[in-house]
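Note that chain A is present in both complexes that follow, paired respectively with chain B and with chain C.
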Partner chain A sequence: MNRTEPASGAGQSRSYYAALLFAGVVALLVPLLLGARQFFQSYFFGWIFWFMLTLGCFGLTLLHHIVRGSWGLVVLRLFEAGNRTLPFMAVLFLPIAATLFLPHPTGAEYWLYEWANPELVTAEADPMLHHKAPYLNPTGWVVRSVIYFALWIAMAAYLNRSSLRQDQTGDIEEQHKRTNFAAPGLVIFIISMTFAVTDWVMSLEPHWFSTIYGFWFLVGGGLFTLAFVSVLTMAWSDRRPFSDVVNPGLMRDLGNLMFVFTMLWAYISLSQFLIIWSANLPEEVVYYQKRLDDNWRFLGAFNVAFQFFVPFLLLLSGRTKRTPRYLLLVASLILLVRLTDMVWIVIPAFHREALNLWTDLAALAGMGALWLAIFSFQLGKYPLLARHEPRPAEGAQEALEHA
Partner chain B sequence: MATQITKTNGHGGVPGDGSDGQPERFLEGNHTYQTLGDKIGAIVLTQKPPRVWFIVAALAFLLVNVLLATITYLLFKGVGLWGINVPSGWGMDIINFVWWIGIGHAGTLISAILLLLRQQWRNSINRFAEAMTIFAVVCAGLYPLLHTGRPWLAYWMFPYPNWLALWPQFRSPLIWDVFAVSTYMTVSLLFWFIGMIPDFATLRDRARSRFAQIAYGAVAMGWNGSAKNWHRYETAYLILAGLSTPLVLSVHSIVSFDFAVAVIPGFHATIFPPYFVAGAVFAGFAMVLTLGLPIRHLYNLKDLITARHLDWMAKVMLTTGLIVFYGYLTELFYGWYSANVYEVALVQNRLFGPYKWVYYALLFCNGFVPQILWLQKARYNIAILFTVSMFINVGMWLERYVIIPVSLSRDYLPSSWGYYTPTVFDWSMFIGTMGLFTLLMALFMKFLPAINIFEMKDLLHRMTHSHKNGHGHANGTDGHVTGEPLQSGFLPEGTPSADRNGG
Partner chain C sequence: MATATHVEAPSGPGLYGMIAEFDDSEALLAAVRRTREEGYRNMDAYTPFPVHGMAEALEFEDNRLPWLIFLGGLGGAAGGYALQYYINVIDLPLNIGGKPLHAWPNFIPATFETTILLASFAAVFGMLFLNGFPRPHHPIFNAKRIELASQDKFFLCVEAGDPRFDARGTRLFLERLPGVRHVSEVEDGDD
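Let's turn to the complex of A and B:
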């Protein structure tokens, strides 16, 4: 049974967006009940969680323009709408940057980043932070953040415009231009993203480091995005235009991609853990010590079970990948575990006395409402399916020819 | 009627790269099933090897004797013959082990992962790359075996019940290596052998001499080309591909753990597993090109190993090379960022220490030279490709040199620092394994079908049947080829037709 109403937020009323934005802002302010420091911590968590989806969309857009697989074409417009959240996420980043320059909070020496307090980075107070100060200092951090955002926004805008132009003019030359652009673009993206997560997330615990960190976030963001677009396409599989293009081939591709990224996530997580745990060096092992203490260990075990074993086993089965409802369930599970995994990575870095997780979840929901409002507004601006052709050698464009 | 593959004018100046709306072409020239069987079969059955083959084989045989002499002397004198000594307990033996193991990875990647990804361009190079894998693992395996000092007791590393109450230390990655490498060897060997069975049958049927008929007949395992044979073959092949896929990641990840779980600066880095795997694929593809380009030229295989194949291989090299380069950069940056005095000292040691020339040569070979592959012209230029692949072969060896002796010779206490210098026996052993590898490859070229005959026929079948402008069925003299559309349901190579094995 095909429902006739079209998918997406296209044609949503203005009050719909207003309600979402209002709810988002209110939820974001909830953590203020526990003080300004709690607010910034929760705000940062909500922001970085949703920003990984933005970055995942952008990374997979680049990847799609290089390999031009048929699966990517179906979800390209979803990625592109995700890319267009970049400037908004940059604006929402401002409060985080502001913490570097605000006067100290009462009762604590810093807001988010220990190294932002000049008193804590002197050679006497902390020789390690002093050593890192040429890199980890407020000015450098802000300059670098501006560069990351400028690079990503410019690159995404170029690709998005070219893709839309090709739909209008049908000029196949655009496709080659995008491929030639995206290949070095992906290199730039991976390097800039590595530094960005080092600056924003790793430096929450400024004494600790891990060289695989960039890949860890890259794979986590990719998995998050694949699960997100799988949820959308499966949920809309009976609505136009997705009802015309969601076929067993696409579902198998999406399922297999989530499968591969699930395994990559496990591979990288395990590698990092094993290497640090085995070597047992005090300056490195603190990271896991914190996350295996108290109640965090249960969340860690949950992540191992539900970010790896359960989706791995479910996605092994061909049946999961043939039934839209099952694929939707697995993808939703992955979304949930992406959340718990990010909680496990980010929140223990804050050295809190009490586990005020509810404020983090409120900020997460608030940021999510803003993100989804922007995303669905952007999604409604253009037709939901791109009309370019995938590589002819794939021979899998039947799906689109039927459309 | 010979089926002709239409020549098309490429959109981007390269014919058949898919940009012109035609399927990408991985088979050139006017081939029929008959000519494919003839061309590849003849290399083994009738064609006298080119003169170069004899020269190469003789030279390689000489080097094998150097290897044997070195090993004999080594067993007589002990591993002190090598340049390894405190603080550098590992030297060229482990460098070469990792180098050879890495080279093998292209074979597994091409055979297993590209099969599962339904990449048709793997078809003409997979057999050859798989052989390379096995011979490289043979060369690699020699080193840790001899490094034990008493190779006749190497079986102690396996967990078997014994009255010595001897049990392996399962927390040591060196023990994981034993299992990883032996599993890798076993699965690769099975994969290679099973993949050759249909071609052995073709050779058996085409062979004129009694000896060849019996020899190929024995290894063809009674293959008769029935639909049942093909069905079982495809199933077995797919299962082995599934088993091999994790091996591409696991073997070199575990090799990287040999270093990474230790606490030596330069060994201990969390980036190691993915960076080693990428490096292995990088090195493997470089070696495929190093050997493949001369063979392609000598045996005139330009129709089968097309420019498109070379282009793809170059792209894989470029991609994996960039990951490796990313690894070097992260090691440098986080080495400084760590603010750990030993990590910082390691960065200084690499950049300005006594081995700095090795490090700069490494950056040049693996970091800068491969960047030329961004240019399409370079990817289609044989001389450039060959040169780049040689640089990568050297670069990947230097990479392990930077990791092993450079880190070990200066670890913590300056009073314990040293300097590692390989001895003449390190070199004779290394050159000897190159001889062994080359000799095995030469014998492989002479006696086994170096290019997959039936998969090339399958490729031809697909190409002729995917043409919409009505070239019709391909009727070679091998007999009628059933023309049902190949629905690749769960079999990536499609359901084989009953009489695909011609001859």
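Let's turn to the complex of A and C:
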């Protein structure tokens, strides 16, 4: 087996990308049928859902460069391709930022963010938002958003370049540089990511607050990303180069990581709910009142069952983690429930009279087509397996020995 | 160890197995794989620390402990929840902050803790039970230098119960394994 020329990524033809991009843009425009406000809401939902995958890839890249586990090396190129969606996601973020400065819609008085309309933030109209205005105002929000993207794009570019350079030169120093960079980088990432999620998602309901919110999204994004790379590696497990490195050890690691993140998700979701439910303070309970009223409670119950109990019990079993087909199934289930969980978190914040969930799903599919087009293009640029670490994945090591 | 002088018998009921000593875990792991390829099945490895991949190399398949732990956890969850329900709803109903007596969200942290507690008990005591405890002695302690298995040496013992076992042939086979330091016989018996 020729290890010097690992098969390159899933490069596709130009018409494949054109079709994906076209379908994506069309699907993103579908919500316009119900008006501009619905469009922005659905667009935001689609964007934040897929952006959690980008952020998850970035966070797990940082984690990998610190711990350098063998599982991380196998999926590092997937993470890195996810990192390179960052600048594109920043461009796709522009319509969301634009909602702060467009003339406010008649009737609803704001597009996405209530606090962006100065008339609603006066001391008379809303003392609470008035009090928060020094932080929660359009200028500050835009400046902070620019800082988040600049930080993440610069950090990701540095790590990606160093990783590719080491593949070519074999210079071990690159790896120590990455570790030294990623350790403080992870701290910076978690802090900036908490702020970003607070600014972008939590402020959809600006009267409500939760200090665990950032970590909630961090864990959700990590789970999303682990399920995503598990689906890819399991689906490609009989194809080179993954056929050389997908072994019981890797599958156990991916399965156990999904298991851990599933439990973390439950831990954080319950903590937030339990604290708010026990304190029973008016400004806090509104969040859950909205989400446990009407039909939202059924979706919430579905999420508890299928984001926690079902994957938890399935991943407890060693057989699930040994069989590529079962692991693929559990990871696909987690992907689906990441979607329903984000629906439950984001959509009730829009206070819609009619649910019209189909526009959100259209925007989600559209943004997904764009994201996957960018991702697969970025993935096709470099070999699918990084091979620079002195401690290669055990599977790769064995493949080398058998060669 | 009174019988140590006449272990020269080629094989037979007096023998527990043949033990080989190695300096590191990689050599042991390779030796285990090689020995299994040779067709031996009854064997065990003795190491100072858990060796990654050893259970797979030995093709150790015993699911009794995971199931015991699962049942322990299940019992812990049910018991912990039931205890809180009994205390808060039946035995001593108190109005706390206007919450319902059956305040299930508040029951979950303690239920989680009892789940972990009983699962851990099942893991530790189940492991001891399945390992045959309480058992004062095991023939492997008749092996020379076996105390080093808890220091810095790695051992592979091919047991006499294996159909392919043959004192001379097995000894020759083990002595030719790469990285092997000593090969010696292990007597059977509890004394």
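By our rule, the second predicted complex is superposed on the first by the 379 of 403 C-alpha atoms of A that agree within 3 Å, B and C clash if a C-alpha of one lies under 4 Å from a C-alpha of the other, contacts with A are read in each partner's own complex, and residues count from 1 in each chain.
As a convention for this text, a contact is a pair of C-beta atoms (placed from the backbone, for glycine too) under 8 Å apart; a residue touches a chain by one contact, two chains touch by 3 or more.
Note that the coordinates shown come from a computational prediction; the quantities given were computed from them, not determined experimentally.
A.B. asks: Under the superposition described at the top, does placing chain B and chain C together on chain A give a clash or a fit?
C.D. replies: These partners clash in the superposed model.
A.B. asks: Between chain B (first) and chain C (second), which, if any, makes contact with A:274: first, second, both or neither?
C.D. replies: both
A.B. asks: Could you say whether A:214 touches chain B, chain C, both of them, or neither, answering first, second, both or neither?
C.D. replies: In the superposed model, A:214 contacts chain B only, not chain C.
A.B. asks: Just to be sure I read the superposition right, which of the two partners does A:150 touch: chain B = first, chain C = second, or both, or neither?
C.D. replies: In the superposed model, A:150 contacts neither chain B nor chain C.
A.B. asks: Between chain B (first) and chain C (second), which does A:19 come into contact with in this model arrangement: first, second, both, or neither?
C.D. replies: Touch status of A:19: no partner.
A.B. asks: Once the two complexes are aligned on chain A, which partner has more residues of chain A within touching range, chain B or chain C?
C.D. replies: Counting residues of chain A touched by each partner, the higher count goes to B.
A.B. asks: Tell me the contact category for A:194 with respect to chain B and chain C: first, second, both or neither.
C.D. replies: The answer is first: A:194 touches chain B but not chain C.
A.B. asks: One more residue to check, A:283. First (chain B), second (chain C), both or neither?
C.D. replies: first
A.B. asks: Out of 5-13, 59-67, 149-157 or 167-175, where does chain C run into chain B after the fit?
C.D. replies: Here chain C runs into chain B along 149-157, and the other listed stretches stay clear.
A.B. asks: Report, in rising order, the residues of chain A that make contact with chain B in one complex and with chain C in the other.
C.D. replies: 274, 278, 318
A.B. asks: Using the touch definition up top, name the residues of chain A that touch chain B in the complex.
C.D. replies: Within the complex, chain A contacts chain B at residues 127-129, 131-132, 135, 172, 176, 183-184, 187, 190-191, 194, 198, 207, 209-215, 267-268, 271-272, 274-276, 278-279, 281, 283, 318, 391-393, 395.
A.B. asks: In the complex, go through chain C and note every residue touching chain A.
C.D. replies: Within the complex, chain C touches chain A at residues 53, 56, 63, 66, 70, 97-99, 105-106, 108-109.
A.B. asks: Taking the complex as given, what residues does chain B use to touch chain A?
C.D. replies: These residues of chain B touch chain A: 11-12, 18-19, 21-24, 120, 171, 249, 253, 257, 260-263, 268-274, 322, 326-327, 329-331, 334, 337-340, 344, 374, 466, 490.
A.B. asks: Okay, in this complex, where on chain A does chain C touch?
C.D. replies: These residues of chain A touch chain C: 248-249, 270, 273-274, 277-278, 280, 316, 318, 394.
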